[in-house]
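One chain, chain A, appears in both complexes that follow, with chain B as partner in the first and chain C in the second.
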Partner chain A sequence: MAVTAVGACSGEGSDPNAPVTINMALGGAANDYTPDDDNVIATTLGDAIGAQVVHQHSPEDLAASLAAGDAPDIFRVDRNQLQRFVEQGLVLDLSDYQDQLGDYVDFVGEETAGRGVIDGKLSAITRYQNNVNGVTYWIRQDWLDNLGLETPTTLEEFREVLRAFTEDDPDGNGQNDTYGLTGAAPDPLFRPLWGSFGTPGPGTIYLDESGELRSGYEDEGVADAIAYIADLQTSGYVDPDSYSLSSMEARDRGFQGGAGVMAQSWTAVKKQEAEELAVAANPDAEWVQLDLFPTADGSDGVIPVKADAVFFALPATLAGDDTKVEKIIELINYVSTEEGNRLVLYGVEGTHYELGADGRIEPLPAMAEEGGYFFVYQLVGRDELPYLEVKFPDQQRYFERAHDQPVVTDYQSFITSPDGFNQSEADRFSEEQLVSFLTGATAPSEYPAFVDSLKSQFGYDAFVEAAATQLDDLGVRS
Partner chain B sequence: MVKRSGGDRTFDTVILVLLLAVGLFALVPLLIVVSASFTPYSEVLANGGYVLIPKKFTLEGYIAIWTQTRIPRAMLISTFVTVVGTALNMVLSTGLAWALSRKEMPGRTVILLALVFTTVFNAGIIPTYLIVKATGLLNSVWAMIIPGAVSVFNVFIMKTFFEGLPGELIESARLDGAGELRLLARIVFPLAVPVLLTIGLFYAVNNWNTFFAAIFYVRDTALQPLQVVLRDLLTTSIEAESSPDSVTPTVTLRMAAVVITALPMIVVYPFIQKHFQKGVLIGSVKS
Partner chain C sequence: MSAETTLADSEQRVAATKQPPGRNRKKARGRNRLWAHIYRYRVLYLLMAPALAYVLVYKYGPLYGLLVAFKDYNLGLGILDSPWADPWYSHFAAFVTSPYAGQLIRNTLVISVYKLVFGTVAAIGVALLFNECRVRWFRRWVQTLSYMPHFLSWVVVYGVAVALLSQSTGYLNTFFRQTFGDTVPFLTSTEWFRTVLVTSDIWKDIGWGAIIYLAAMVGINPELYEAARMDGAGRVRQIWHITLPGIRNVIILLLVLKLGGILDAGFDQVFIFLNPLVLSVGDIIDTWVYRVGLVDLNYSVAAAAGLFKSIIGLVLMVTVNRMARRWDGQVW
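Entry: the complex of A and B
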């Protein structure tokens, strides 16, 4: 094997006549995929813009990669990273190309496109904002039937069902081997509950009905919610391992028959392979979704969804390489057009799908067979619901039910940390304290004191202030 | 043979039972992994989360490894890194250790201090990355071999061993006309088999398990070694968990991958073990 320094470097010693290669690392789930370089999506994209498009995994250490000048030509960052890299001059200022990004702006919307602006400079493109909810409580309908119980619709009924699932032997095996509730705690296990106490939960940054910015920590309902959850825990209705389980492990515990309610995304319970596993492990189990419970005054419960803060930036080393940057702009625009977006969502017309008379996408068998990796080219994102309808027709009622729950957008991931605020330290302190409250180790009456130390000792006050300024700048609060 | 009293025998039995219990503690988790790799996951779940002896048998995990994952290619890469890497490690380390073990070597103290220095201080991730890039190693198999080609710890173990060889032996070989290389090949190496095998095994296991060099310096997925591919199979980001697009590998496949990855080293160990035991004592007593 010879020494091979594969030319992943951007723009170094390139032959001016050679076709431009765009290395794209969209990160997230795309890091788990390694399609062949000459796959049909890459080649069709390449033909459309006259360049070679290559999917890469994100560098393990992006900062080192940027410092060494061998970062991918398009890479994924969160807002804190983006801010830092802009300050260090590591990402390309796209302001000069703003006028050329018309198709992209039309697709994601002007407000979303504006979110990639740092210090007045367009520094990244922002993925299409869906902000849709996928998580609900799932309950064992067959257990409810066994015990002669109705589907719970209020917090009181929910508590009673969890009690019965724990104590009344819902599976009829004569053993005390079941819990009411399981899932990864504290989140997403309790995510569907906060809203019934009039708050999206501690840690969220959101706009209330009057458009005022609020911090979830300071909502009145949090202490009541904590008391309710701690009562479930100390009564023994919550799987005691919840705080150490991953979401998938908790789901498997549910599938095994260990608990009758779990907080899960529809994908974890009803995607084909999950459904098959559930049936094989426990053929009697019938998992159905629960709606959010109303608040005490009868208004709708809400569930928080994180604002989709995914950005894609270009390395500063591309400055001066106009040919390449223009090709990248072309690529961004192309996947924003109807034709290009369809390609990266559904594949090639005639091969992977047919276009119906009313413009509907009708999948062909090849879409299910080959379409697993297409999403790694979805550079500007997608409109989620129509996509799911085409790709997961059998699961439509589940994702629609989840999407139909009233949501509150949590902008926390859009806020960059102000000086004097250390996000990870504050998070660690807050999580430790919350676990102590939620498990009943600390009384809910201590909650205000906890919020005070979070604000005074950890600088959370400064964070909320920064959030207000930044969300104003981003045009979120208008 | 001395006749053993009843008390002795009871004591032996207690010790035996205790050792068996400790042995089981080590063995059962391994057995669960192996069993899970041969059992459909739904069967594992239906049995309360683990199986010791598979009742329903499947090879789907192992078949999926060859058809769906990057493991076959990664196996070649890891084998290359282990074989070539270990050979290079040994040549460089024995050469250095032998030279440093000779008191007459000029500049010996300076070199020793320089070596110790690197065990206490290192350049940090980004400067090291820049060096690897500047030397053209980035994105090549050599990035997993050359930056860590010499382990100072191993060199010191070898040096101590060489220093313990009787000086008379080496002197008499010299008198008989042996040059430096012949001395090494004919006199020193045959005497040093335990230390060479021990250090060789240390290096080989390290090379087989190469991970950090691979994730930092090798982005080309075609050049990634086993441990990196295994990591990708075993971990799923929270985002990927809830992404409708991602397909998480089955637990059966994951467990099969763990078995395949660990197996080669487990197979090699028993053959080297007797030398290994002698070898790790080296340097423990100074004369």
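Entry: the complex of A and C
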């Protein structure tokens, strides 16, 4: 009797026919969405691979939940986290399954797939690399018109516009209650400015035109850029709260008429929800994008774009559970195929979209109505531009304008900290010092001394060296 | 009292006759007495059992986690299987040799001492005001309102602080700008940051902190006040000579207890108020531990820093408690 009971129990646990449940937590914005478990995307995905696919929010403390063994079956990590989790044996080694990941590798490309390798082991899948820019300065066209000013196209004109926005009462309410510039400082508030001084900005790790690896801290233009920004700050043209605001708070201030220029992504200003907010706050405001300003010698300015370093890993506790791991692999492959990728991008054919004659996606009304949550299943990412064109036809000119700015890829997010370099101490030091330069509290002439102590005292030299080796290993520099 | 003594005596005699003679006799007798004592007050001990269990399970049990401070903790291996740190103090060294250790300890102590001193004085002051207030309905309302903020989270308080103090949109600064044409960077300048921390902390907890002092004041014998009035003492004299001495022990007791947490400058509050402009005066041990220990998964360093704090707190508390015996205000 007892024997049969035990037998029945163990039989149940390893029943190959029992449906496998895959809990995935893709994190980021997906944490803000909680679609029904039986939504059409999840069920269609599940039917395609023969498993149940469940969207979850990322655990509050991922490390603890991995240690406790109750982590999701696929979870999001950045590269530093991935490295640490691999060191601690918390992440499943996918090397044995490498051969089965064909569709995924075809979709993201071999080089991108290789970025999930840590210490020679395939430890995570990497999201499709787009590296597109979304951030630009946005300016109040109606304020320019009120003051009879032209759209600024150089750094000098930009400064003059910020001055006028601060001092000349651009909203005509008779009160001194406006600033030129607002945003989360130092980044992204000043991100569009560095490039006009020939650098993507301090803290970036990038390849210059000749393919040489460079650290933004050591670029010649940084000191000049600092002097320019500090002048804006000490002249009172920058919202003094910038350093204590989040990007969204700053945007709302802009919408409410507190400042005439802000550094924002097009999504934060022109997506439908944002547009509605802007109109509700101030129906007369007309926000338009600014191009990057050219450098002193007339060449194009550039804006840094962080290399998309989003990884999805599996917990080590899945080792041995081949049925489940294989289902997860199937899922990864499926969303990499044209059919599967279309499903998680656009929904179900016939319901959410129709396929045009030339293979174009023609959205149906249901896509706009229900499509808000589809992205939480985009496990391998997406090709950004065609996606945006289908999803945001009304915003096309805004994202194209942002994408059209000359960019430099910043690989900093791909570098894992070497021994002898304490990331958080160095970050603390450079953040504090940079802010001190940018607000004019420290003179720009002190800048070289700051870089020296960052390198010697905080081991940033070791970091740059490690960056060179790691980017070579990842095949970025070849 | 006498019955108790005889009972205990008789039990001792019984125990003595049962025990074999020798060195253990005295010890065994003590043990028996303890058990007899527990048995005698078994109902009271039973009542205490849940609290005792709570302390054991949630306070003493987790102490074994301190091992993490001496190990290279690996989440995958768990606490016991992780290798020992080499040398054993390496994680303590990581904290002490941090380029910011001095600044962190200084900031922590300064913010903490400010909060302790001004917070105590303010709470006593408010308690005195409540105590002197003779209009009972008014006093009850104000008292209730005054400890409401205690239940707000720091996120909410920060929201209030921004609405009031923000340099570009805050009410106070808007008033300053319109009146004097100038603004004060309350939240983003090194001169003001600690003041804002301490003031908002006092604002939040002033009513709550006053409760204990007020309770102590209520316990003062009213005859003392009557006698003082007969001798012609006014309100202020009565406060100085009766009320304050009457609650002296409570003041000392609370100070001793709070000194144990002198290296806790209030993580929640500082973390929320902190911004890059005020790191040099606002970064405290706990925010460092959060960044280096928890965000970067160096749990061993976090545990070492926590232990370091606790040991200093313990030493301080024991020392001050010794001193407090002089005024009869000791905790134990």
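The definition used in the following text is that the second predicted complex is superposed on the first by the 462 of 478 C-alpha atoms of A that agree within 3 Å, B and C clash if a C-alpha of one lies under 4 Å from a C-alpha of the other, contacts with A are read in each partner's own complex, and residues count from 1 in each chain.
The rule is simple: a residue touches a chain if its C-beta (ideal position, glycine included) is under 8 Å from a C-beta of that chain, and two chains touch if they have at least 3 such contacts.
For clarity, every value in this text was computed on a predicted model and none was experimentally measured.
J.: So if we stack both complexes on chain A, do chain B and chain C clash, or do they fit?
T.: After superposition on chain A, chain B vs chain C: clash.
J.: Tell me which touches more residues of chain A here: chain C or chain B.
T.: After superposition, B is the partner touching more of chain A.
J.: Once the shared chain is lined up, is A:A316 touching chain B (first), chain C (second), both, or neither of them?
T.: second
J.: Which partner does A:T34 contact after superposing on A: first (chain B), second (chain C), both, neither?
T.: After superposition on chain A, A:T34 lies in contact with chain B alone.
J.: So, does A:E273 touch the first partner chain B, the second partner chain C, both, or neither?
T.: first
J.: May I ask you to decide whether A:Q88 touches chain B, chain C, both, or neither, giving the answer as first, second, both or neither?
T.: second
J.: State whether A:A63 touches chain B only (first), chain C only (second), both chains, or neither.
T.: It touches chain B and chain C both.
J.: Considering only the listed stretches 7-15, 43-51, 133-141 or 295-303 of chain C, which one runs into chain B in the superposition?
T.: Given the superposition on chain A, chain C and chain B clash at 43-51.
J.: Residues on chain A in contact with chain B in one complex and with chain C in the other?
T.: On chain A, the overlap between the chain B and chain C contacts is residues 63-64, 67, 253.
J.: Which of the residues in chain C come into contact with chain A in the complex?
T.: On the chain C side, the touching residues are 74-78, 98-100, 162, 166-169, 174, 177-178, 183, 185, 187-188, 275-277, 279-280, 283, 291-292, 295-297.
J.: Quick check on the complex: what are the chain B residues that touch chain A?
T.: Checking each residue of chain B against chain A gives 40-43, 45-46, 48-49, 70, 80, 125-126, 129-130, 133, 136-142, 215-216, 219-221, 232, 236-248, 250.
J.: Going by the contact rule at the top, pick out the chain A residues touching chain B in the complex.
T.: For this pair, the touching residues of chain A are 1, 3-6, 8, 28-29, 31-32, 34, 56-57, 59-61, 63-65, 67-68, 70, 134-135, 247-248, 252-253, 255-256, 265, 267-268, 271, 273, 276-277, 280-282, 372, 375, 388, 391-392, 399.
J.: Which chain A residues qualify as touching chain C in the complex?
T.: 63-64, 66-67, 80-81, 84, 87-90, 175-177, 179, 186, 239-241, 243-244, 253, 258, 316, 422-425, 428-429, 431-432, 435, 439, 457-458
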